[in-house]
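What follows is a set of notes on a single structure, which appears directly below.
Chain nomenclature is as follows: A, B, C, D and E, assigned in order of appearance, with residue numbering initiated at 1 for each chain independently.
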Amino acid sequence: MASIDPSQDDVGIHVTPYPVIEPGHTFGSVTDKISSLTLKRRTPLGWFIGFGISFAFANILLFAIAYLVLTGIGVWGNNIPVGWAFDIINFVWWIGIGHAGTLISAILLLLRQSWRTSINRFAEAMTLFAVSCAAIFPLFHTGRPWLAIYWLFPYPNTMNIWPNFRSPLMWDVFAVSTYATVSALFWYVGLIPDFATLRDRAQSKPFKIAYGILSMGWRGSARHWARYEKLYLLLAALATPLVLSVHTIVSFDFAVGIIPGWHATIFPPYFVAGAIYAGFAMVLTLTIPLRKFYGLEDFITMRHLRNSAKVMLATGLIVAYGYMMEAFTAWYSASEYEGFMMKNRIYGGPYWWAYWLLISCNVLIPQVLWMKRARHSTVVLWIISLVVGVGMWLERFVIIVTSLHRDFLPSSWAMYRPTIIDFATLFGTIGMFVMLLFLFIRFLPVISIFEMRTILPQAEVKEEEA
Amino acid sequence: MAAHAAHVTDARSYTPPAALDRLAGTSLLVGLAGLILLVIGGALSALHVLPFDLSHAFRAYLLGYVFWTGISVGSMAIMMLHHLSGGGWGVVLRRIFEAATRVLPLMFVLFIPIALGMYFSKLYPWTMPQVVAESHAVAHKHALYLNAPLFLLRWVFYFAVWIGLTVLLNKWSLEQDTTTDPRLRRLLKDRMQNVSGPGIVLFGLTVTFAAIDWLMTLEPEWFSTIWGLLIMVGWGLTALAFAICIESYFVLNNARLGEVYQPRHLHDHGKLLLAFVMIWAYFSLSQFLIIWSGNLPEEITWYLHRLRSGWQYVALFVVLFHFALPFVILLSANLKKRAGQLILVALLVLGARIIDLFWLIAPTHIVFPGAQGATAGAARVIAYALYFIAPFGVGGVWLWYFARQLKTRPLLPLGDEGLENALEQIHGHH
Amino acid sequence: MWNIEKSRRQKAVGRKQKAESGRPLWLARRPVVICLLLTAFCLLPSACRQDMQDQPRYNAYRASTTFSDGASARPLVEGTIPRGWLREDELYYTGKMSGAQARAQAGATSTAQATTPNMQGNTSSQPSGGSVTNVSGNNAGGNLGTQQGGPGNAAAQQDATMFPFPITQDVLTRGQQRYNIYCSMCHGMTGYGDGMIVRRGFRRPPSYHDERLRAAPVGHFFDVITNGWGAMPDYAAQIPVQDRWAIIAYVRALQLSQQVNKSEVPPEKLNQPQGGGGQTEGGGERH
Amino acid sequence: MPQIFHRSTNTLAKLSIFGGLFILAFAAWCLAEINRSSWNTGAFVEREQPVQFSHKHHVGDDGIDCRYCHTSVETSAWAGMPPTKTCMNCHAQIWNDSPYLEIVRTSWRTNKPIEWTRVHDLPDYVYFNHSIHVNKGVGCSTCHGRVDQMPIVYQYASLQMEWCLQCHRDPARYLRPRDQVFNMAWQAENAAAENKTEAQLAQGRQLFNAYHVRHKAILQSCSTCHR
Amino acid sequence: MKQRKERPPFYGLMAEFDNPTDVVAATRRTYEAGYRRIDAFSPYPIEELSEALGAFGVKMPRIVLAGGIFGLVGGFMMQWYLSVINYPLNIGGKPLNSWPAFIPITFEVTVLCAALAGILGMLALNGLPEPYHPVFNTPNFALASRDRFFLLVEARDAKFDHAQTAEFLRSLGPREVTDVEY
């Protein structure tokens, strides 16, 4: 990362209207600008308003969960045959959103895309918070979450039995917990030098001590940097397949079963693409207002937004390919169950509207992004990112609810109706997610300061003239 | 820097090495020999000298055909990806990819034996009326999709799309070379980029259905949603491994080009190769795990044909040499920078691709009617040998045509804006 | 302990009433919801007990507040005969038989006696198995047909003098086992009435080796086990009918065992302190 | 730039990482131990009963067989708690004026059962049947311990699932001949001479076959105990 | 206590630079001048700077690989042992050794172990956490995390001589050369 190789970077090849960082910045200005967001004494009023609203929603989550725990899982709308509904929809949705963070951070690092630098920290935080939100759903779907460890993790328990490693749900436990752990560590490791920066800038003793502990005594030694850089790359190389594996395994939750509408071999790549799609949509949904209100246009430039839009377009097309192949294979397979499922989903069943809403949100509307002008308008991008966010939620709704509500036995067909608690939990997690982001913005550097230094032109070591 | 730029734009510096002529000549000889052997093999069966079904000869030809068409189409896709995303790694490989795509018209013609096989052998079981009559699944799709005229029509359509795209991209690429006007170069670049976006979409659709038509319908009752992606990434992998072979061949045989292709380029290409190997393994595992776990009769039979009566060893071979070995080798950063070692890995991958296709194609309804004892053994050996002769037969012709195409243009896209950056010596002192 | 059953029922009733009072259900529920939410975290530990391990149902011996005796299990209403439990076999279930039966039986047994092997205490030496078809309960003493005057019985019926089923080695083994469990406490292992409980102060029962009891018909023993006699309580609840007969058979064997000449016993059996079917009973070995 | 931390914090900081791991591991170990302790399982805790009934006296000293009171142990899922009548069999005469037994006599008079405190209480989701165990050669003392030596009965085993499974996965380690099931002091043949475990295994395997104990896979299948 | 007495009175000499090019050049010269116990500090990673300090063991790839192999073998063996040996239970008619189903968890455990090994390895090799360090006594060192670059020659270096070394460092064109106290 130290040497900026323009030829490796897609921008470097041709002159682009939007650079990664606006010109005129120095090491000092970058450091001061970003660290001041965290270190300034006064918290802006807007922060309090935003935090307050999201905190209120987070409390709704708290109440919804407390009520659920006290009363039982019956307060949710899911019941046979739709035994899996909002809980898994929201779980998959949140996990998917989390993926963009790791993707931006790890894959773009491996691809040496320097535009990642100003948004990776934010994206990683988003990953962590999204995974936290996601974990709530399966945990509370167990009904007795205080026993969840007992059921989910292999440890020598008093029952002398072990989890069933042949079950994709068990794979999920491993995948999500590994993902949460590695993302948290990756995030923390990335923060260490910035904690040192904050430690050295902080005015008050408690903050100095707090950031001092978090920085682990980082002093910027060149030997330390060498190992640190190597580790950071290696972690990125590990996180990249990890992030793909997580959503692959989430897709296995469905695909290794034999429910028509779930049992499709394309699920792994199609879920991964969908996750990235939703994740980038969430990145845009959040960064567009953030850069506006915090005046970060110098660091998060139109280039970032435009590239995110392109990623969305590409992953959106892969998702569309998935829909097409599912429909085609349902016909091609000549299986009456597959055929019925697809017909029920598209025009025969009571949830046809969900399918066509999904197609509109995920396939039709985002095609606007083919147009350059659309990619360059923050308003259009923001609207489309919201639409895609909704669309990806609907995708999981369609996959889960429409596949289940008419099972093999027509006598057990039933409709699914979410309850008020279902909605409270969903919107509550959104509140919790935003609340955590507000806390993060206030207390931690939103942009990786040391990596921003590396992409300044001054950072290059000029060759000695022999 | 300025001196270097001038050095770069000197078109004659990058004319193809003489070795290319030798390559073309040898290839043609090998190719013709291979095709003749294949015809002889087919004749042995057709004249009932050896008791194996004629479809084996056609299947073998299909293997060779799919393998080499894959290189052309895969090259087209990687080239379009490069046009979309840029990057120095693609600039230096562009001409190899372009030359590979220009073989597509030849491949269009070379499809004819497969069409013949469809009509005159059991190559595709769904062409046989009794199969249609007996199988509900085949009858279901017979009218609207799986019949000979529509099959041929789609074949024409795929090639129309591919040839159309490659003709445009090749034309503009050449125009970039011949002009010196930076605005026109820029315009051509934008054009290529604008075509590549929809081009990738078209590529995805056509390859998916080509993969279904040519390979999946060998077992007409079987289906897998990921099949198109699996073949796509397989073709991409083949194309990349092939390009790396050619690139390393240049580095090893021509000092001048050795300077052009720097270790960092090889390193990047090696990493891409690793990525493709991993994605291939990922898709293959996904398909296997889902079908294995579901264990439904209409799906699992495909794997049962390929994991029993000896084929499990072929499968193991594929896992080891198509994934495990290249994966472990390519983890080493130093190896990826050395042409002499990288070419070996690329050749290993190409070989493994052939074995993989063999595993996909050959086990489908093995026909050795009524043979016993030594004759049966001989029939098997000859029949399976054909599968390994065919890639050389088709490949020889393909390579001959490719080498001729490669010669017609400078080996580097001299009009590309990124060329200067791509060729800049990063680590050396100059 | 938190009575889940009760509180749930009350809650459900409460809800219903409020819902019926005209307000929409969700409004009616609201106070309940709010209360629950406010006490959410205080109640978390108690939630742990609402587990499947204490299900709201009555298991055996579980106490109940519903009935005056505090037990959840109900005794059968007097006179109830469960399906398939109509005890028609008078001899088997009561140990009695009517006069005609007894006379017929007496004739039958006297003819059978000649072919019946001598039933000894140590029956293992003479495996009788299935060859025994009808064994008289009283054959050892040879006092067939002589009535001893059953203790306080209805005149119409008299104590049975025969077993209702053939006595085999298995029955005797079973009888020995059951005797040791239920009878030996008082009657002693050999039937002399010197059991452990007697030594602890219980009134001494008569010895089986008395002339009176050796002469008593098997029905008499059945009657005593079933209904009790003197200080002896009834064992009807502890010993099922089949086992009672088995015990009586063993008692007969015990009686016989004390009347045998040494010469009649195979020499290799002489030194074994216990008879029986070669199986040792756990209770007998206690130290 | 002044130092923020004292020298000693270096050691402290390094220790805190490994210490943290150690503390976590220790906490996990403690939890596991607490979970298995009698605090959680109730094992080895003597239960106070309404009547001071001593098994040691009745079984150990008087030699009364288990089945004298627990009549249904061989034939039904429940071993059977004796009704007051069983007590009165003897106590109508002996100790019949003892104040200790007033509760028994009251129960007898009023026809109200004595409310014994339950010692062995399996969760309701476990299906347990005494008769099958007794008839396949599982001794009373294997699960209940030396009841003949307990003045006040306590739970001897943890009754946790791992305890059930250790036998269900390899019954040969515990089986004894049927006629020894009610023998409190039973040991495998040759146990005194040979290695105890070896002797038990040898005899246990033989009995496993002789009594046609079901295959391990059936013994430990979920529905064997959770029906 | 005894050790502390043996320490030299101060830790070393610190030269402060304005830009990366200067500090890299200065570090190279210091190394070439025979100093070995030297270290350089920068606000961001500079590849040339660590190269200029001479070769030292980075070792990270090997540690991560070791962690990964441990996770790979351990993860698979765990599932195999628990499902085949310790708790063989027929579920859905799948074979006990359902190795295809063990692949996902094996992969996850591999990644987890590799990442943990890497992070702990990095901390261990760098001697972190180390909240107290003599270099923090350097007056301007707070700027090492902003826009200044530092070169340190430790007093423990065999070639170290306070006056001479200070003179040498000044010849490299720093902003300032200061003593670093213990």
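Everything that follows uses one rule, which is that a residue touches a chain if its C-beta (ideal position, glycine included) is under 8 Å from a C-beta of that chain, and two chains touch if they have at least 3 such contacts.
Note that this is a predicted model, so its numbers are computed, not measured.
If you take chain A and chain C together, the chains in touch with both are D.
Chain nearest the geometric middle of the protein is A, using mean C-alpha positions. In terms of the distance between Cα centroids, chain E is separated most widely from C.
Simply put, of B-E and C-D, more C-beta pairs touch at C-D. Compared with chain A, the chain whose C-alpha mean position is the greatest distance off is C.
Mean C-alpha positions place chain A and chain B at a centre distance of 35 Å. Rounded to whole angstrom units, the spacing between the C-alpha centres of chain A and chain D is 51.
Each chain gets one centre point, the mean of its Cα atoms, and the points for chain C and chain E are 82 Å apart.
Here the CA centre of chain D is 57 Å from the CA centre of chain E.
Residue positions of chain B touching 2 or more other chains: 289, 293. Residues of chain D in contact with at least two other chains: 1, 4-5, 10, 13. The set of chain C residues that touch two or more partner chains comprises 51.
Those residues of chain D whose C-beta lies close enough to touch chain E in the complex are 1-10, 13-14, 16-17, 217, 220-222. By the touch rule above, chain B contacts chain A in their complex via residues 85-88, 136-138, 140-141, 145, 186, 189, 197, 201, 204-205, 208, 212, 221, 223-229, 268, 278, 282-283, 286-287, 289-291, 293-294, 296, 298, 417-418, 421-422, 424, 426, 429. Residue ranges of chain D in contact with chain A, taken from their complex: 1, 4-5, 10, 13, 28, 32, 35-36, 158, 160-162, 165-166.
For chain E in complex with chain B, the touching residues are 100-101, 103-104. Chain D makes touch with chain C in their complex at residues 62-65, 67-68, 71, 77-78, 81, 83, 85-86, 88-90, 92-94, 111-113, 115, 118, 123-125, 179-183, 186.
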